[in-house]
Each structure stands twice: as structure tokens, then as C-alpha cells.
Amino acid sequence: SSCADHIVRIGTINAPDTMNPFATWGSFWPLVFSYDFLVGVDTQRHSDRKGFAKEWSVADDKLTWTFKTWPGMKWSDGQPATARDVAFTYNYLRGSIGKPDELNVGWNNTDGLKNIEFVTAVDNDTLQIKTKEPSRWPTDNTTMIVPEHIWKDISYADARSTFHNDPPIVGSGPMIISEFQQGQFVRFTPNSHFRTGQPGTAGMILQIFATADPIAQGLKSGSLDYGVSLTAAQWADLAKDPNILAGQSRVEQRDFLAFNTLSGKGVGSTKALQDPKFRDAIGYAIDQRAIVDRAYRGHADPGVGLAMPAATDYYSDLSDIKRHFDLAEAARRLDAAGYRDTNGDGVREDKDGKNFQLELITGTSSGTLEIPIAAVQLIAGWLGQIGVPVSVTQLDSGALGARVASPEKGGGGWDLLVASTYLSSSPHDILITGAGNSLGTNNRSYWKNDKFDELLAEVDATVDLKKARDLVNQAVGLVYTEAPYIMLCYPFVLEAHRKDCFQGWGTNDAVSQWGYFPFDRLKPVPAP
Amino acid sequence: MTNSSQDKAPLLDVNCLSVDYGLKGVSLRAIDRVSFALQAGEAVGLVGESGSGKTTTAMAIAGLLSPNARVSSGEVRYRGSRLPIDDDAAMRPHRWCETSVVFQGAMNALNPVHRIIKQIAEPCMLKLGMSRGEATARARELLGLVGIPTDRGSAYPHELSGGMRQRVMIAMALACRPSIVIGDEPTTALDVITQAQILKLLGELRSRLSLALILITHDLSVVAECCDRVMIMYAGRIVEDGTVAEIFAQPKHPYTRLLIESIPNPASGKKMIRPIPGDPPNLVNRPSGCAFHPRCPSAMGVCGTEVPSLDQFGRGRVACHLHRSSRGDKVAVHA
Amino acid sequence: MPDTADILRLESLQVHFPIQRGLFDRVLGRPAGAVRAVDGIDLNIGRGEIVALVGESGSGKTTVGRVITKLAQPTGGRLLFEGRNMTAERGSSALRPYRHRVQMIFQDAYQALNPRHTVFDIVAEPLRSLRLVDNVTQLAERVSKALAAAGLNPAGDFFSRFPHELSGGQRQRVVIAGALAVKPELIIADEPVSMLDVSIRAQILQVLVDLRDKHNMALLFITHDLPLAWLIADRIAVLYLGKLVEIGSADEITFNPRHPYTVALRNATPQIGGNAGRAVLPALQGEVPSAARVPKGCRFHPRCPLTFDRCKKEEPPPIEVGPQHLSACWLAK
Amino acid sequence: MSESIVQYYPRSRTRAIKAFLGQFLGHGGARLGLLCLVFFVAVAAVPTFLVGPLQTAINATGDFLMPPSGEHLLGTDEVGRDVLNLVVHGARISLVIALLATVISLVVGTTIGMTAGYYGGRVDVWLMRLTDFFFVMPSFVLALVITPVVLEVMGRGGEILGFRPSLFVIIVVIGMTSWAFVARIVRSQTLSLKERTFIDRARVVGSSNSSIMVRHILPNLVPQIAANGALVVAGAIYVETSLSFLGLGDPLQPSWGTLLSLAQRAGAASAGAWWYLAAPGVCVLSVSLSFVLIGNALDDTFNPRRRVIP
Amino acid sequence: MSGGGAGRHIGRILIRAIVTILMVAVLNFILFRVIPGDPAALLLGGARTSVTAEQMEAQRQNWGLDRPLFPDQMVDYLTATLQGDFGYSFKFRGRHVAELILERLPATVVLVGLAQFVAILCGVMLGLYAGWRRGGAIDHIVTGASLALYSTPSFWLGMLLVVTFSTALGWLPGYGAYSPGATIGSLDSLLDHLRHLALPVTAVALGLIGQYVVVARAAMSDVVTEDYMVTARAKGLTNGQMLVRHAFRNAMLPVVTLITLNLGYVVAGAITVEAVFAWPGIGGLTVEALNARDYPVLQGIFLLLGASIVVANLIADLAYGLLDPRVRQ
């Protein structure tokens, strides 16, 4: 067991597909244990966490960034890890822009690199990035820095598909992927060249499961040390175990209800979905508090705007324009907007005189943290009560993906969507959910608003935090009033770890969802 | 006690045997107080229409009654000692060594997945304790006896024609040198020529091995070929019993007479169709009195009320009120 | 013979069933074989005549009957009905007029009745499918007439019975009634009594003879029982391995058989009155050869007690040996 | 005369049916199965009367995942809904799915099997290859692939017979993927029936192919179809449950299968909420078992070889 | 019987098998082409990225998706399949389908194979005995229990097993094939593997036992009514001799067919049971591939299923021919 061999055992339900970060979105865990970001999210949030860069600064022109990497840092194979590797990684991506094999299919992708003037390594320890427009991208991006000596000969075509990056891989993180059994487990060995010294544990196993049951089970029986993506029921059960510490933390996930705002073009069932007044009225029929309490058993923050509480810099409770739950109000607003029940059958008609019958689609596994079906039941219930009947179709993720694709790609045949996004807390990622150039991808409601797109462009070009916060606030407010989305909640990650074999888990917000912390600093509990 | 004119002790003595079949509450009397004796080496035909109880009689003698059958009266004695016909385990040593049976549908009566030689040899090994080699040799010999080339021994039943299968059955029945062979309609499914061959074979074997043969059939002319004595059954009872010559020359029971008349006989030269009127009796609800009286052309008043007993008449026996008056030496049948 | 014009004529009728060849046979180029079930038969049946077709099992009797009733397609020869060539007629509607006039009584009465139909349905089926009646009253009338004609009285008692509620003889009579209902001019009776108890046989035969007498119906009576054929038929045709070996009047065939096979058949029949005249020839040996491997020359020669050289090489043609008495044996003359 | 026909029919049919029922009901398994089935059908008929309206997250009456108690006889689920309420309401959907799917599969299977068997030759060869394919593909796996596709292609909401159309998709898919078994049995039965003399007789008396199939062959297939139909029902329940279990059910109209899948998703197994797993599972088991028992009894009743000869 | 008879029998069976596999392949092809969704888009990572039209087109050409479905793509697919090339996975970028499947196959084969073994051993014996003693107390118990097992969804049984033996009692591991981090190959890991096998094997086997009992019992109770059993009784054989020498082999005929047919499903596995026990087998792969619309992998799995079941059918037919001389003709 773990106490004997000092190997940390982790359970997860996300199955990695390939160890190549340029080819996949799906392998964040385990790759994140082996590769560093230049700066990334965690580093900016926690002073004790660092990435590839030791320190950084931005010049007064707000365009030129200088990063200092750790002196004497080495890759896991003993080769020096320098600023040149960072420059290589970014330029490798940049070089693919516009090519047929542009590297835009994986975690490491070309997003945001168009705005880069250059990336150069001034010397082994110094990196300079210059952007065309001011942008926080250089610190916010989460590109995994890969060693030049491994990747320099990989063609773009291979990098985006067939290059497996077979273990043992060469990385700079604390734990190096040494074995990958697809669908079963990933084995890690400690990186003896890790910049703060070899981790105190003897390695890690990432055990892959299809559901959270085995994880909860494993935690209880002691065959796992850490587990995440637990259900509320399991969490409550585990919390009672004296050997286990169950915790929850805010993450960037947003669970939302989206309206198909392209419905006028013949893809949704009614034009009413296009009408902000209709959507606004629906907003009054959704009780976020109840959703959090009943469907999430309290393990979430109630939904408000696009910005999630985890994005502490940008979150706002929008108290000035916030809708409150009131079915009567919703009904009144629907009446006022012209969606009445004229024939008295208890179902409202749209402006074409057709009875409402909205189709709500949702996934069976919707994102990292599953959306409980109870949330959908609640929504369908409330809408039904105000005379807008809803039928629910639950789709597997493949089918869901095809259905919510942009209409050009054959998607769009739905009215309401309950789904979630999990992007970073950068202003760009917060707002991309409403971006006119992301229809069918990040923008699930197909909503397009020129004012919003302008604001987004401006945020992208803003480095100053306060100004950015202002712009984000405006944009979030705009989305809130236009209501292409109704935010349901921001669910917490439910996690638990055993206390008996390892120490150093930290306290609140124990396990990072954005990096390898605290797995770099765990130590075996000394034998009594 | 029935006594044939011979004074030898009979090989088999069936005494007042009745068998009932239990059928969901109702009980059906399939044979009713059947009594007869069989001498060693004698060939007896058991004739009667379908359902008259021929098979039941035979199975009772062989101790092979089906589980829902019950022997409600009478006994069967073999060489003077009582046979435990309703005790399956106790009957086992008797079976095949003393009494063997040739069943009608040889296709179904042979195990489809074993070679015929093995099936013939099986009782030799199990009952006579022969070694495999001895048993196989014996089986070869038996195949030769019934006129099947010994090299066909490795054939499976389905590879043989109906006649050959029937011969295999006969060979099998002879395996343990029994003293009684019961042929339950061994030729009914066969065409005339094959039928003739089988009957001839049975007749030959009987005289060569001095077997007692009980031949069951519903066709009187079959019996005429190869039996010494005939018993006619009707509705579970023996209605007439006599030598072949006597019965054909002078049938006493009206049923026997009608049966003989219904056989087309070119030798007689007269093209006459003589049906037996009416339908076969219903055994659950059997007619009162003589079971044949509703169909009998010479039925009298007494026939509908009184069951005629099977009495000695001349050299044979008959159960008919017509022959009651003229009978001279009546011997009680019932115990 | 009653009528001069024949109602049915078979001219060198032939039915060969192909033997299925397997993959390996085909790969190895083995020739396709055939079961020569019927191998060239000439036979005519006059109006109101009863012809018996006699032969042992597998000789092709049923196949002949099936060809006449259009259940099997001949591979050669012709089938003429009142001089009209019916060989190629097919399809249930095209055959309807023919079906109206030719009917069949099947060998196994247990099998020939659908266990889920009532007697009424069974007898009414031909009337309905041949569209011979206009309304229910007419239908019921004809059904009860047919049942009565087949000796099932009172007909109404049987209407709603299922086959399993009938005795074997009654079942066979229902089959007959079904055939009679359409008032056919020719009936093929395929071993109509061989499955029946002796005591019921005669009843059925009586019904058949009565039909001929009353309605001048022709009958092809298929059996393997020579005395039975003698009893009922005007003429007897003896079939061996798909070929007619002897044909003649019932008395001729029975009392003056000229083909060794016919003699063997007669000998094989158990007889009550002793075995007069049975010792003429020794009994047959061996089994019927398979119709897939018909012997060369006279097809009976491997089993024939009188066989000589010629028999092995040449197949004897039918030779006239008496008035209307043909025998296909080199020794017949 | 025609009156007498009319008179005779019912008497004799009734007699036949009575005899059949007598024998069938003499079977202990059949009685148990029927009883159980009647119980579930009754429950499915009036669920609201028995346990009130279907509970959803909105009108849930209990706390989260409470073990059985006086108030909630079968405990509650992870949203606080009464499991008894869910199970009772699930009965109707589960039964409807099972029965309709079975009807579809019986109709398709019988048609294809009978056509193949009756016409033989090329028709037979191709139909049987098709059947082989569906036979070879585990129907559950096929349904697994087809269901999401059809659900995706399928249009909007609305109701058919009070059920969501997506439910019917599942029904059709289950039906269409489970007929091969029936087709095989029907074909082999047809092949032997075809050789029966009464079919020849029907031809000789001038019946057409279609009328022979409908009037002669089909009625004789009924026992086989009925006996095996029961197995198909059990199979359909199983497939539906498995599909739901893998998340392809309809979460708003919980069938027993969907309930099991919800239980699994909520982590009932690892949280020790046995009641949440046991209740729908026992229902699935009981209904399947009663159909299997009935099928078994039908088989015994119809199979003449196992019948005591009267 | 002649060699030609047996040859014809085998030949017919072989042709059937080949035709069926071909049909599986063709229907496979059609099935996965009519499914909505552009494979090119899937190849490019689904709806998650913004891909240009040119990239899409290039991708199509690259994978030959721009050519007509019929006959070009179909012929390509069939020829590739016949050459044993099942293509590359969409989801597991660039990995050979065959490789993926082979990786998962052992786990499933071990699980279902072991379960089959146990089930055959217990189920057939119990079933034959129940049929032999039809109507007796043991028959009633065995039949009742096996009908119940037969109607129990095996995954549900699995869940109950987990709740009981893993969650509540903690005796056996409820999930996975090995403890996390086990080094495969050592004796310890073998024991560990066996402990992990216990519950899933039980779940699969219990369902199968029901099936075997039902079939074996029916077969045996048919056999005991056969005429040749009367013959055997008439021969004076003891009950034991009748059972062993006459009833057993005849009763095994349908059972052997079922066994061989079920062996085909060793590969198909028990998708739902695998899901319950997080078993890393073909079942899990199927579900993953389905969620990711990984058509090449699904096609591969289907073909494997089809082929294995066809092969099992083939063996069943041949075995039947060996056991039952009547079929050889």
C-alpha cells in the first residue's frame, strides 16, 4: 500500500488519450505533473507556487515582457532546461499558424499567439515576449513548456496527431510519466532533477475510472490516497471517515443554461429564443439558490454572471441588475413580451401562435464536474410551471458535441442547453463564452453582439488589472441583461485525501486544479 | 386358473392382470383382468385395434410400465415365481436377460449418437459381464444372425434403412439370450416386402433359439404368418384366444369374425368391402356390459348389461354371451 | 372400362430431384447427381376408373401423386388433363380451374389436417379459396353435403370440432370430405388407409368406391398393399424404383402376375388362407436400391431371383402379355 | 344451418381455451409469474393514486439519501425524492418499453422468419444472412450505437400516448435489435410446418401463398411465438435497463433502468445506499422473472413432448 | 454417410460464416457512415476548436473522406479490413485500432472466460441433474433459482456484490483489475488480480449459470422422454448407467451449442459489468469510443465481435456435427 511503498495513488475519471499536449485536450492530468507552464494560473494566485519562470515583469509600454527562468534548472533527462526551451515552445506553435497542420487541436495551441510580435531567449535564463497589442496573455497562458531537444524534429503534422510522446517523457515537473496504460493508469516516477529537489514520495499512480464510485471506494479502503470528482453523496459519506479529509474548492467551472439564439434560422423550435425579453423572463423562473441546495447539496456558488467566484479579480454579484427568483414575475414578463396562453390550454404560445415545447438537451457526463440531473429537473419544472413546457434529452458526449456544434457544422438542433465550461480565469477565457468568433465552440448560445465583441477585443488588449476589471464588468453585465445564458452555479470540486500515508497536503484549496501542487511537496508520514 | 391343454408348467403365467393409468384425477383402466399363459418356445399373437391395451399388456409383462401406471390387480409369474413388475429396481435383473422387447419405431428406439454395434454389445457387457472384446464379437455374431453385413456395425442408426434398423433392434433383443421376446408392432411402419422379411426372420430365430414370442399387431394377417396362437383384445380385455388355425377357420367372437372379414382376400375371389360399423370404444367412459355391444351385429339384450367372462370354449377361450349357452366345460376365470 | 376418353394421361413422366452438392464436391468437380424418384412413366386414367399404383416404400408413388396435383414439378414428360397439357401451368390463380377438378387425399390424416382449424373450416377451405360459393348459407350447405357424402353424419355435429377431437377414421373422412366438397372429377388417394386401424379401413374404402359409383369420379389409389389394390381397383400399376414394371387389370395382376417383382410383392403379403401359390419364387433379398443410384439394365435385376445376363445390360420395355396387360420383363413373354 | 355454425364456434373455442388455461394455470410457476405481473400492471395503471404524483427535484419530499423509514418506505434518492414513488412511477415506463419493444421484435421476427422459411431458396438465404448479422451483433451493443444516433436525429418533444418520443426511439431500437432470435425460431418452425401435409393440402385445394402463411402457418406458430415472446420481454427489459445504465435513458421519466443509472451516478454503491439500488433492481428482476416463468410454463403447456398424453 | 456429406456440411457452414463476417463488415461501414457528424470534424478534435475550411478539406483528402462513399470508400475499407488494417483511432490520436483492442482484450477474455468456466461447470451439472430428476425437490429449487438468476441484470447483481462485499464488509476489492500501482507480473500481483476478479467473475457467472441450467435441464428432460431411454430401461440398465451412457451425450448436444456460442461472447464481454467494476476491458473501450465517436475503434470492435461470434457459431456447428452423427448428413 501507499504507506509501504510511498507511491501516491490518485483516482480520476478523466481518461487521458495521448501524452502529446499538442494533440489533445483530454490529457491535462497527467501531463500537468510533468510539464510546467511559464507562469499560469496558480502562480499568480499563490505566492508559494511557481512555474518555469522564477520571476517576470512587464515594461511600461505594456507590450514587452521579460521572464527570468530558474538558473541551473534541468529536464528530467538531465539536459539543461532554459529560456530557449520556452522560446522554442512558443515559436514552434507560432510557426504553425496558417499552415494546413496548424497546431490548434490540443492543450498547447495557437490561441493568442497571433498577437505576439516575438518570443526570444535573450540568454539561457532570460526570455522576452513582445505582444502587438497590450495583453496579459504572456502570464495567463497555460502552454506546457516542452524540451526543444525532444520536439525540434517533430513535424507539425505528427505533432498534431500521430506523435505519441511515449513514456518515459522528458519534462520539468515533479513527476515524470513513466508508463501509460490507456484507459487504466498512468505511472509516474519522481523527477530527480526537479528544480526544488526530488519530491519526497516514491512516485505517483494515476488510476483512471469511468465513474466516481471506485474512487470513493478506493479512498475508503485505502487503495487510493487522493480522489477528486466525487459526488455529493460520496463526499458526505467520506467526510465521516476519520482517516479522510474531504474538501471542496472553487474552480473555474460554470454550469449554465444556454438559449439557442440562432433559433430564427430554422434550427431551434421557436423564434422566441432570439428575443432577449423572453430570455430575461425565463431568468426570473430559475432559482439558483434552490439549484445549489437541492441539486448540488450546497457544493456550489449560485450562478450570477459570466465571471465565476474563482476568478476573484473579476467576479461580481451584479447586485444592481440581478434578477430574483419569482415565477409570477416571470409569467408577468412573458405576458408583457407577448408570450401568452391565449387558448387557455396552460401552455403559452409564441408569436407565430405555436405552443411552446422547448427541447432541453444535456449530456450524460457534462464536463469535468458532472451536472446533476436534478438541476435539469428543477429547470424543466419551473419552466413548466410558467407555461413553457420543456422536454429533456440526455445525450452522450459524442452526440452532444455534434448537436451543439455550430449550424454550419450540422449542429444547432436544440432550444435549451444545460452545460458547463471550464476555462481559465483570465478575462479572455471568462468572456469567450459570449464571443462572436466562437459560435458553436466556446459560445454555446450562438449569441452574437457587436458591442460585446468590441469589449472583448479591448479586454484582450488591456494589461492593467483595474481597467480590465471594468471592461469585464461591462461585458458581463451586457450578457446578463441580454441573457443568452443563465448561469446556474459555479460548482465546487469535491475532493478527499487520506491522512495516513502522506502529509503536506496544505489546507484550504488544497489541491490545485491548475498545476501539480501539492503533489510536488507531499512527504510520507513518518512511521510511528 | 386358466389351463391350456398342455400339462407343462407355463413359462409365463399372467393372472387376472389389470393396469390403470392415472390421468389428472381420472383413472383409465387400460387392461382389465387379462389372463393367459405362455409356454416356452410358443409364439402368441396379440391382436386388437389401436388403444385396446396390447402395449400395456406387453409392458406390464416386461416390467416397463410408465410411471403413471398402476397394477391394480393380478400378478405375473415367470417360471413359477412372481415377477415384481411394479418395482423398477427389482425388475432390473430380469429385464433383457429373460424378457426383451423389440420396439416399433426402431429409429427412435435406437440411440442416435452411438454406433449400432456398441448398442448391441452394451447389454452383453452390462448384463452378462462380458469384456468389451467379447461383447463386440457377440454383437458381430448377432448382426450376422439377423442378416446385416458385420461391417455395417460401425454405422449410426440414421444411416440404415427402416428394415435394417428393425433388424438391429432384433439383434439387440437377442443379445442376452432371453427366453421371451416381445415384438411390439415391429413391422407396422414398414412396407410389405420389408415386413415379410422381418416376420420371416423372427420366425426363423424363434425356432432356432426356441424363444417364446409375443407378437403385437393390429393386423391379423401378420399373426397368421408366424404365430401358433392368437389372442384378440378389445377395450382392454382379451375377447378371444385360440390357435391360429382355429380362429381363422372358425372365429367365435363377432369382433374376431368382423376383423377377419375386413381383410381383403384375393384368394376368396370375392371383392367385398366389409367395414366394422361404429367407432372404437372410449376407455374412460366404457360402454356398459360387453364393450363391443354397440358395434356388434349380433348384440342381444344381455350384452348391454352384463360383462361376459373369458371362458374356456373348445380348445380356446372366448368372452361372448353368444357362446354362453353352448359352452360345455366352463372353468371360472376370476380369482 | 367405363369411359373411353381418358381424363388423365402421364407421358414418360420424369421427376428427378437434384442432389445438393457441397462446396468440396463443387471444387473437386464432382458431377451433380439426381434422385430419380420418377423415371419415365406412362399411365392413363379413364373417367370413373379406379387405378391402383402399387410399390414398396420409396418407389415414387407419392411423387407421382404430387406431380398430378401440381405439388411437384416434373423434370420431363407431360401431364395431360383431358388432353390439355398441364405440365407447365403454375401459380395458384392459374391453377384454380384445375384444382377444381383434381383433388388429393393425403396419406396421413393426422398430418393433413391443420390442428387449429375446425372441421368446418377445413372442408370449407377449398370452397372459399376456389371461390365456389357466394354466401355463408351456400357454404354451410355444401360443407354439410360433403361431410355427409364422406359418411360423417349428422354433419352439423362435426362442424365445430377440432381434428384432435376426432378418431382416426373420422379424420380421414374429413380429408375425404374436403376433397369431395369441390366435386372433383379425379381424386388422387395417397395410401388413404395405411395409417388406419384394420377395423376402420373398410369404412374408408367403402366411401371411396361409393363415390366412384355415384359420381363417376376417377381415382388413383396409391398403396403398397396388393390385396387392397385388388379389392378396390379396376387396374393396377406396379411401380419399382420410379418405373412402371407391370400394369394390367386388377385380377390379371393379382392372379396372373408376369413380372417377378409383382410376384414378390404378392408373396410378401401375409395371407390368412395359407400360402397358396407363394412358393413360385423365392423371397426377395436385399434392400431397395437408392433412387439416387438406379442400377443399370433392368433396375430390378440385383434383387431378381430370375436375373440373367440381358437384365444387367438392357432395360426391358413394357411388353404386352395379355389384354391391356403390360409387363417390363424379358421373361414376361 | 348458418346459425348452427355461429353457435358451434364459440363453444368449441371456449372449450379449447379452457383446456389450455387449465393446463397452463396448473403450473405453479405460471401462477406466480401471472400474479407478480398483474401486481405490476396494477401498479403501473394507477401510480398517482398509490403514491401521489411523480416526484422531481421540485416536489421532492425527503432529505438526501435517507435509508428506509416509516415515512419513506424505500428511502430517498440523492435529491430527496421518495424511492417508492419513483419505482412505482417507473413501472409504467418499464412495462411499456418492454411490451412494445417485444411486440415490434415479434412482428419483425415472425414476418422475416416466416417469409424466409416459407419461400426458401434465395429469399431464405438473404433473409437469414441478415438475421445472422443481427443475431451475431449483441442487440445490446447495437442498441448502444443506434440509440444515441436516433435520439440525435430525432426531432422535438411532444408526447405519444403520454410518453416522450425519445422513449419510443428506445423502444423501436430495442425491438429492431432483438428480433433475430425470434426469426430463427420462427423460421425453423416454419420449415417443419411447411413439410406438414396440411400445407400441401391447402395448396391442392387452391389456397394462395399468402393465405397459407396467414391461415395455416401463423396460427401454428403462435405457441412458439408466445413462449419465446416472454423471453424477448425479459430481454427487452434487460436491454432498456442496460441502455439507461449507460446513460441513454430519459432522466425525466425514470424507468427502473434509469433509476439504476441515476443511483450509480449518484455514487449509491460506494456511499452504501443499498435501498436506492435494490428497489429498482428487484422490480426489474421480478418482472423479468415473471415473464420467464410464464414463458417457461407456456413452453411446457405447448410442447406436446412434455405433455402427459391424455 | 460419405466424406462428401461431411464435406458438404463443413463447406456450407464455412460459406455461411464468411458471408456473415462480410456482411458485418459492410453493415459496419454503412452504419458508421450514416451516423451524423463529419468524421473530418471529429478528427480535428470535435467542436472544441476553430478549424478553417481549408484545414477541414485537407483533412478530408488526407483520410480519403472526399471520395464517394460507394464504391471507393467502401472498397478501401473492405480491402483494408481484409488485410487486417483497421485504421487509426480518432480519439487516441494515431494509435492503431488493432493495437488498442489487443491491449484491452486480455482483461475481458480473462474475466468472461473465467466466468464461463465456472458457470459451465456448475450450471451444466446442476441443469442436467435437475432435468434428470425433473419434478423433484432439487429440480424445483435449482430451476427456481436459475430462472431468477437468468432474469437478473448481471450489472445490478454486480452493484449489489460491490455494496455487500466491498463497501459494507470490505472483504474484496470492488473495482479495477489490479490495485493501483501493482507491478504486473509478480506473484503478489497475481493474487491481487485474483482478488479483483472475484466479484466481477461472480456477477457474470451467476447470470450465465442461470442460462446453462435452464438449457441443460430442458435438454435433459427432453432426452428422458425419448424412446431410446425406454430401450435403455428395457435393457435393464441402472439409473446411473442410463444417465451416463445414454442420456448425457444426447442432452449435451444443445448445451455444447450454447457453450460454444457463448464462447463467442467472451470477446463481446459484459459491457455493463465492466462498467460497474471499472474493468479495463473491451466493454470500457466500447463506451469510451462511443462517447468520443471514435468510429474506427467502434468498427474494429464490432468486426471483432462479429467475427468471434461467427467463429463461435462455426465451432458450434462443427462440434454439433462431431457429437451428433445425424447432422453430418
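Residue numbering begins at 1 within each chain, and the chains themselves are lettered A, B, C, D and E in the order written.
Keep in mind that, in the parts below, a residue touches a chain if its C-beta (ideal position, glycine included) is under 8 Å from a C-beta of that chain, and two chains touch if they have at least 3 such contacts.
For each chain, UniProt lists the protein as follows: B = Dipeptide/oligopeptide/nickel ABC transporter ATP-binding protein; C = Oligopeptide ABC transporter ATP-binding protein; D, E = ABC transporter permease.
Quick caveat, the model's predicted, so the values are computed rather than measured.
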Most distant chain from subunit A by Cα centroid: B
Pair joined by the larger number of C-beta contacts - B-E, C-D: C-D
Length of the line joining the C-alpha centres of subunit C and subunit D (ABC transporter permease), rounded to whole Å: 49
Mean-CA-position distance for subunit E (ABC transporter permease) and subunit A (Å): 39
Intercentroid distance (Cα basis), subunit D (ABC transporter permease) paired with subunit A, Å: 44
Whole-Å separation of chain centres (CA-atom averages), subunit B against subunit D (ABC transporter permease): 52
Multi-chain contact sites of subunit E (ABC transporter permease), meaning residues that touch two or more partners: 36, 162, 167, 174, 275, 287, 290
Residues of subunit B engaged with two or more neighbouring chains: none
In subunit D (ABC transporter permease), residues with contacts to at least two other chains: 148-149, 152, 264, 269-270, 272
Touch list for subunit B against partner subunit E (ABC transporter permease), complex: 62, 64, 88, 91-97, 100-101, 103, 105, 108-114, 122-123, 126-127, 156, 158-159, 172
Residues of subunit C touching subunit B in the complex: 56-57, 167-170, 197-203, 205-206, 209, 224-228, 230-232, 254-255, 264-265, 267-273, 276, 283-284, 287-288
Residue numbers on subunit B that touch subunit C, as the complex places them: 49-50, 161-164, 190-197, 199-200, 218-222, 224-225, 248, 258-260, 262-268, 271, 273-276, 279-280
Residues of subunit E (ABC transporter permease) defined as touching subunit A within the complex: 36-38, 41, 44-52, 54-55, 58, 88, 91-95, 100, 103-104, 162, 166-167, 170, 173-177, 179-181, 275, 278, 280, 284-285, 287-288, 290-293
Subunit C contact footprint on subunit D (ABC transporter permease) (complex, rising order): 1-2, 4-5, 8-9, 11-12, 16, 196-198, 200-209, 211, 215-216, 219-220
